[in-house]
Structures are given as C-alpha cells and as structure tokens.
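Letters A, B, C and D mark the chains in the order given here, with residues in each chain numbered from 1 onward.
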Amino acid sequence: MKTLIEFYPVFIFLLVSFGFTVAPMVIAFLIAPRTSGAKTLNTYECGADPFGGAWIRYASVYYIYALIFIAFDVDVLYLFPLAVSYTRGGNAYEFYSLLVFIALLALAVIYAWGKGVFTWKRKIL
Amino acid sequence: MGKRSFYLETKDPIIKFAMLEKVLDLARANSLWPLQFGLACCAIEMMSTAMARFDMDRFGAGIFRSTPRQADLMIVSGTVTKKMAPLLVTLYEQMPSPKWVLAMGNCAISGGPFVYEGQYNVVEGVDLLVPVDVYVPGCPPRPEGLLEGLMKLEEKITGTRRFPTPEKRW
Amino acid sequence: MLEKIRAELPELSISEVSYPERGYHLAMDAGREQILKVVGFFDKNGFYLEDLFCVDYVEYLELVYFFNNHCGLFRVKTVVRLEPDKPTAPTISDIYAIAHWYEREIHEFFGVYFENHPNLAYLFLHDGLDSYPLRKGTVKVPEEDRKLLGSGAYKESEDTFFVNLGPQHPSTHGVLRVVIKMDGEYILSAEPMLGYLHRMHEKMAENRNYAQFLPNPGRMDYLSALNFNLAYVETVEKISGIIVPERAQYIRTITCELNRISSHLLWLGAFLADLGGLTPFLYAFDDRENILDILEGVTGSRLTYSYFRFGGLFNDVDEKFADGTRAFLERMWKRLDIYDQLITKNVIFINRTKGVGILERDMVRKFGCSGPVIRGSGVPFDMRKLEPYAAYQHTDFEIPVAQNGDILDRYMIRVKEIETSLRIIGSALEKLPAGPFNAEKVPKKLKPPKGDVYHTVESPRGQLGVYLVSDGSETPHRMRWRVPSYSNLMTFPFLAQGVLIADAVAILGSLDLVIPEIDR
Amino acid sequence: MIDQIIDIIGVLNIRVAIGLANVLGLITISAMVLTWAERKVAGHMQRRIAAKEVGPFGLIQPVADVIKLLGKEMLTPADVEKPLYYLGPILIFVPVLVSFVVIPFDARLQVMDVNVGILVILAFSSLSVLSILIAGWGSNNKYSLIGSIRSVAQNIAYEIPLLLSLLAVVFMSNSLSMKEIVEAQNDVWYVFKQPIAFLIFFIACVAETNRTPFDLPEGESELVAGYHTEYSGMRFALFFLAEYTSMLIVSAVATTLFLGGYKGPVLPGVVWFLGKTYFLVFLMLWFRWTFPRVRFDQLLNFSWKILMPLSFLNLIATGALLKL
C-alpha cells in the first residue's frame, strides 16, 4: 500500500512552485521604485471615490447552482471505480446500475429546470 | 488651479545600480502599456493609432490596460474640465510608480480652442495637474504625431532614439 | 391642426409663421399659468417635446418650448416670459420625461426655479461656480441654494451596493459617468452624471462673430463633424437669406454621407468591443481610414472638419475626389458581407442582442428620441425625408425601419443606413452639376437681420436642431443646439432597470452616444 | 561511476530533479512564447503586424514585458485584506505547476506515473478557482468581487461536463493512470472513438481557463479588469502567467486523453506531444479574436442545459457500446 511518502515529488513541486511565485515578487519588491500620492492607495473605481467598501452581502443568484453542483460532484465520484472496473462484454448488470444511477442524477437537473432556476428574468421593481 | 496641487515624491528602489537601471529603462521603453483613458476628439485619433494602419503595437505599446494599476503611460487625449480634474489626478496617483504622462492635443497642452477670458470650465493645460513628459500638439494631432510623441518618450526614458530623426531640409 | 389649437386654447395669442424663413409653423405666447394646459394639450395630440431652453433678453427671461410630431411635421414654438430677478416656472417633467433634464440644465445655467421638480440638482456644472454662466450679466447664486447642488447622497442599503460605471471605463466611450445601484448581478437603478466634458460651446457662441464660431461645431460631435458644420452653416444661411449654388449643395450631401458612414463604422467597432469581440473594431477602422483619406484630400483634416462656409464651400472638389469615392463605393459593397459573416451571422452576437433593451413606441415619444434609436422602434422619422435640406430632395432613398426596437434592430438599421448612404453618394455623384461652388457676394463681417430661426439636420445619431437668435450685430445673441444623444441617453435609466450589467453595457453601446455632444 | 551516484541519490530523486528542471524551463519558455504568439496571432487576424520592432520578429517583446513588470511597483491598496490579497497570485500558480507531475511528455519522460493521474489533475485544477475567489474578495473592489463570484459559478458549472467526458475515456481505457491511457490509444486515438466527449472536454477546458468566449471573470468591457483590477506589477504578471500555463496544462491533458499523447509515427514522442498541445493552444487563441463574450446566464445555462445532458447520453452510449 503506497504511503504518503511515495508522493513526495508532488510536495517538492509544491515547494518549488511556491518559490517560483514568491521569488519574482521579492525581486520586484527590491528593484522597483515607490511613490505615494494622496489617493494612491484608494480603491480604484473608474477614477471616482467608491461609495462604501465591497465587503457586502452579495446577493448571489448562484446559491442554487452550488447546491446542485454539490449533489452532482459527490455522486460522480461513485462512477470512477465503476469506470475503472468496467468489463467489456459479459454481465450486463454493470450497465443497468450505470443507467439507473445516471437517471437519478439527471432528475436533479430536470427538477431545477422545471422550477425555473435556469431562466433569469428581468427584475422590474 | 494654481501650482501643482501635490508633490508626488518617488523613492528610489532598494537595489539600484547603473547597469540594472539601463536594462530596466530599455525594457520599460519597449513595453509602454497605455491607460485606456480617452476624453474627447484626440481619443479617436489615439484609437486610429492603435488600429491596423498605424499600429502602436509594433513598439510594444498596443496593450491598452483599462485599470490604472497595470498601466505605465497615461495619454491625456482631450479637454480636461474642472469637474474632471480631481478624477484625473486620482487616476494618475493610482498608477504604479515608473509612470509617464503624454499630453495629446492642444486642449491637454494649454486648453486649446476653449480658452477665452471669462471661461469657467476648462483647465488650461494638464500640466497644472500632473507632471507631463511629452507634449503632442495638434487639434487633433495626426496618428503619426502621436507615434512621434511615443518615440520622444522612449528617447526620454532610454536616451537613445529608435529611428534616426528625418534630416531637416530647411 | 391650427383650427384645433385655436378651438382648444382660445385665450393664447397664436401667430402664423412662414416656415421657409423661420423653420417653425406657429408661435404662441403662453402665460406661466396656461403653460401646463398647453403642454397637456400637445401631449394629448401625440406631439413630442423637441426642445426646452431659456433665452436671456436682459429685461426678461424667455422659456421656449418646441413641440413637433413624429408622424407629420408641424413645429410649434411656445414662449413663456419670466421676470429676471427670481424666475420661477411650473415643471412639466411628469408629462414629458425628457423635460426632467432640460429643466435641471436651465436651472444651473440661468437660475430659473421649477416648482415641484423631483431633483433640481446641478447636472453639468461643478460645484465651484458661484454665478449662472449663460446669463448676460453676472448673477450671483444665492447662498442657501448652494446646498441644492449636492447631486444625491448614495447611502448603502442592506444588500444593494452602488458602483461607478465611471468616467474612465472601457464601455462608456468618452467620459460618461453612470452611478448604478446593483443587487448582485442585476441593476436596480442607473443615474447618469454628465458634465465631465462640458466645453461651453453655447457661451462661446455669444462672444465670437459668425465666422469665428465655424470650428466649434466640428468639436461638438467629432464623429460626424461635417453634419454639425452643415447645421450651423445652413442656419446662418437661412437667417441671412444666402442662396447656395447647386454644385455646393451636392458636394455637401456627398461629404456629409461619407461622414455618416465613417461615424456608423466607428460605432460598429465600438459596439462589438463592448460585447467582447475585438476584431470587428480593426476591420471597421480599416474602411474608416479609406473615408478619412478621401475627405482629407478635400477638407484638409481627418476628424474635426470645418469645410463648409456661409454660401458654399472652402474649396472645390477635384477629379481625384470623385474617382476615390467611386473606388470606395465598390470596395465598401464587398466589405459589407464580411461584416455580415463576422457579426450578423454570429450566434453569440444574436443571443446577446435579440430581445434586449426593447424601447416601446410610446416611450420614444415621451423622451423625444430620434435617429436609429427611434427608427428601431418602428417610427420612420428621418430629417432627410421630413425636412429635406442640401440636395436630399434630388436623391431618392428609403429610410430603413425595424419593428421591435431591441439592440439587434438598432444594429441592423445602422448597417442598412450605411447601404442607404452608399446609394445616396452614388446617385449624387452622377448628378453632380458643374458651376460655381460659392455664392457671390457674402459679406466678410456677416450681420444677419434681427429675429430667430430653427433649422434641423439629420446627424448619424438623430435629429440635430440649431435655434439661433440674432440681434443684428456680428455675434449671435443666443445659439441653442438640440442634440440627439441627450434625449437618447435619457432612455438609458429606464432600459437598464432590472437588467444584467452585461446587457446594460450592450444597451449603452447600442444608443451610440458621443459625450461632448451631450455635454456641449 | 554513474551507478554509484544513482544509488546514492536514488533513481526517483534524479527523475524528480530532471522533471523539475524540464517543467520550470517549459513553463517560462512557453509563457514567453504564448505571450508573443497571442500578440502575433491577434495582429495577423486583425490585418496588422504586431510587436515587430523589438527584436527580429518582435521575439524579444515578451522579455521586455517581463523585465518591465519586474521593475514595476507593487501597490497594495489601503483598505484591502492583506493576507488574502498577497495569497491570491501565489495560490493561482501552485496548482498549475503541480499538475505537471503526472503529464507523460514521452514514453519515459514522466516525473511520476501516479496510478490515479487524472484525479491528481482534477483535484488541483479546482484549486485555482479558489485563488481567484480569494483575490477578488481580498482586493475589496466591487468589480473584482463581481468578477470572482462569476468565476466560481462558471467553474462549478463546467466541472461536471469535464468530469463526465473524462469518464467516457476512463470507461474505454479502464485505468486512471495517464501512461496507460496513452498506451491504450496505440491503434486508434480516442478522439475518433469519442468525438462528442472530446468536444465537451475542450469546451469545458476553455471555460475552466476563463478564455473567450467564456472570459466573464475578467470581462474587460463590463468589469474593467475583473478579479485582477487591484493588482499591479509582478502580481498581475503572475495572473497573466498562470492563465497561459493553465491553458498549456489543459491542452496537454486533452492531448494525453484524446489525441494519443506522445504516440506518433516517425518523430520522437516529445515532438508529437508538444505539437498537438500547441495546436490546441492555438485554437484557444483563435477563439479569442473571433467570438464576442457570452452573457453570464447564457454561460451557465449552456453548461447545465446542453453540455451536461449531452455528456450523460454520451456516457450511457459508451457503456452500452462497450457491453456489445
């Protein structure tokens, strides 16, 4: 059974990539001139002063999309072992289990479609 | 507006020696990313300079960045009104440090055709607001004029000129 | 029509006016009380508010209302006199939505107060001004009104936030600033803030003589400088009765149509860049450079032309111009199907523009829009047909009209207008007569007779009107420019309500705005 | 002499060292080449010559850009979330570099043949979206906030079709290891057996790397510059670099899975592999200069309503055909 140690190249790549990003930033920090004007550090908003910060309750329409995604992503993981051990020819129950599983998955999308999640109407106040 | 309303002091980098500065200036001169900031008629001439026929991109200056954070060169192309002045200064200050200003057109240089006694809304010249490096006269200046302004700016940054100046016949 | 007005509003003094000299059919003097009744009457009969502005005659101020009809041409001038020290007038912004901005503009330039106006804040000027600019004498702004200048405080509410689609933004071509109240991806309300490019053209007109003002119209709308030039020159010719020779009329038509094509081409590129496609910008500029070469050969400049003079042209047109134009015509016909393949048949483009930003017919009358914006909603309203000027009555062409008023229709109309302009140029070029290109005795120091005149021209963005009041001296007493983008922009807050930000940017692009024309 | 060194350092360490040098070299060179190629392809598609003056064919232009960006000041706006703001550009580059571990450039040119290669790549590819969210939220700018929230929704919308089209290949090759998938494509490439799956996979890849017509997170005509509005200097260059490298990674995975990796008649394997990869990258560059941008709800609906049902049917069809 391969222990985590076997994957140490991946960790080395992680460290190297970390270094590969931090190094140019350190160089840039050293060799770049610096200025500071009255409004240099203000947030940029097309030249005008912004009205209030950007950390607000952002009414995300995509919350429902996230729910459907979670339902999907976890279930798709079941298909991986099925895919690896899918034998050619022979017993057909594997195909039927695949069929049933995908049919159940598709129900989620059809339900959301019916509920009108996917149509973004114009919000007339 | 009186004297320039602020003094933007530029602190030197931590590591600074002649050879590095020369290489950096050469690189900066060959990749001046202008800020997408068109005011009036000169903006249309700036656009046609960036288009197929005159093509600023040949000199590496073709990528128009829309945020001042990633721009090096602010081309003030058009009339700066008193309502626009504070915003222009904000945009200039929000640009990171090695930055240059190219005043394009008579309005940006001296208020142009809109200067008469009793005028109440035009800033007479953008150098009252921000330090200007190159002035390109004309109303609007031809795209070749703007390209020549770019060459002048590159000459100012690196000290050497890309193309030989056409010899003066008279 | 005149009998109906007489029957409906007996107590007003109505005088018939000869249309060819003065440019309008009827002049009416209404008192401050009857003006609401008059406006209500015109609104009931399907008229739209063409223009509303103020003229300062030192002893009294004059509020001028111009009404016109989209279907049949019948222009009525209604005048209200106000005393100069504390002028007040009733607001009509609830009847005609465009009056909302006209009244704010009059308030900040002349100091006229409008009772129960929803938001009488400054629109164009910055707060540092302490006098009303367009008044003849310097009239101080009273202290307690300075607080009126604050243009609306924007307070954060629970989950909506305010964003500046600000002066420096890729999609606001020029320096238009729109403050958008957003809820997530949707826009709840949009409020344009103007004046970042106000260059005082109307104030300059009052202290320069007629010839000195010639370069200014070209800088008002630099995309179609020749049309603005034509409007100014023809107004002065109308008021001083100069007859322009036939050849100059034809050359004026040809050059104005070339300028219209170059303006539409630039719009095409900028509109596609708003939707994300960057290549059509380069293709459109490719053709535009051809037009600029042809016009540069004749006028000498690339963008801000001042080629027309009172009574004719600056110089004549040579054979090279005619050949260049003919070569351009053939090339352009072939280029149009490149645009067809690249843009019109592009599925993503169609999905982005079909059924978005629909402008209904009655909303168009409320705002007094004009140009491709109104022709997209099914109203065939084109100045070249309604009030033919220059040589348009000799060339036959039909106005492209579309029905459902969404962005795709406004795009199709502008492309068809390019084809119409090509046909006009073709037919005008054949019929180009020989002969003089300038009227003979045009005095150097032009002193037109006392009186006022209204003249309209069709600029690529819509109906462009010039109202000129001359007091017999060298400098005009008052010159008012009725610009199409001003009323077209007023529809944006209503079109952008409840729409995604990507659509709002597309709607803004489809209105084809030129900011210095709005700010004047 | 060589074998003493080998057993001192160990075969795997040498393989890792060579792989590391190879990958870092490839990334820097490909970033340069891609920036140059993007400008040149854009120029010639728009009937203009781009970047000609700097170096023979403008070849030194990307070098000038990088050195200029190195010499640029890195502004940190005042009211910004410091840790998130700094972490954004770093985190976006890490997953992209690490997925090079499992990519088989040639028969023996692979850092480590992990037997669950595809899972490693999928795991790290969803990490880069996290960094965009961090960068967008951290820079306290309304445009970046909208841009980053859009990139999250776009990424989760296109994760499912990506997985399902990947599964169709795994059904055929019965193995998750990248090397075995390439070996399984010895006689006929999977692109001919699974044309629909390749199409869905490529569309989902274009969406994952935020390229036109799905470049809504940094839709510059609406959101000024999307999630990297507040970033300047070298930090912005890292976003720029990460986008090009993820384009490279995504087309490398597509070549391994569908176009038969390093399989090719006469030329050595690496040349075939890089040729196919850069062809797919050229396709992405081509998209950028022909398509306008899709509106955001069309983008989501395109994935949920069209790509996903299509990938379901494709999966069922593969399952059925394999059984016959």
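Criterion: a residue touches a chain if its C-beta (ideal position, glycine included) is under 8 Å from a C-beta of that chain, and two chains touch if they have at least 3 such contacts.
All figures in this text were calculated on a predicted structure; none of them were measured in a lab.
K.L.:
Hopping along touching chains only, can you work out the least number of steps from chain B to chain D?
P.N.:
1
K.L.:
What is the set of chains touching both chain B and chain C?
P.N.:
A, D
K.L.:
Between A-B and C-D, which chain pair is linked by more C-beta pairs in contact?
P.N.:
C-D is joined by more C-beta pairs in contact.
K.L.:
Quick check: how many Å separate the C-alpha centres of chain A and chain B?
P.N.:
The separation of the two C-alpha centroids amounts to 41 Å.
K.L.:
Hey, how far is the Cα centre of chain A from the one of chain C, in Å?
P.N.:
Result: the chain centres lie 48 Å from each other.
K.L.:
Whole-Å distance, chain A centre to chain D centre, using C-alpha means?
P.N.:
14
K.L.:
Any chance you could list the residues of chain A touching two or more other chains?
P.N.:
If we look for residues of chain A contacting two or more partner chains, we find 29, 31-35, 40, 42, 44-48, 50, 54, 58, 60, 120.
K.L.:
Two-or-more-chain contact residues of chain B, please, as numbers and ranges.
P.N.:
24, 51-53, 66-69, 87, 91, 94, 96-98
K.L.:
Do you know which chain C residues sit against two or more other chains?
P.N.:
In chain C, 161, 163, 166-170, 185, 282, 286, 500 touch at least two other chains.
K.L.:
Chain contact graph: line, ring, star, complete or other?
P.N.:
If you draw each chain as a dot and join those that touch, every dot ends up joined to every other.
K.L.:
Quick one: which bits of chain C touch chain D in the complex? Just the residue numbers, please.
P.N.:
Residues 161, 163, 169-171, 185, 272-279, 282-283, 286, 342, 346, 348-349, 351-352, 500-503, 505.
K.L.:
Contact residues on chain B for chain D in the complex?
P.N.:
The touching residues are 23-24, 26-28, 30-31, 51-53, 55, 57-60, 62, 65-67, 69-70, 72, 94, 96-98, 162.
K.L.:
What residues on chain B touch chain C, complex-wise?
P.N.:
35-41, 43-45, 47-48, 51-53, 66, 68, 78-79, 81-84, 87, 91, 113-114, 116, 118-122, 139-140, 142
K.L.:
In the complex formed with chain A, which residues of chain C make contact?
P.N.:
Result: residues 154, 156, 158-159, 161-169, 177, 179, 183-186, 188, 497-500 of chain C touch chain A.
K.L.:
Which of the residues in chain A come into contact with chain C in the complex?
P.N.:
Touching chain C: residues 45-48, 50-52, 54, 56-61, 120, 122-125 of chain A.
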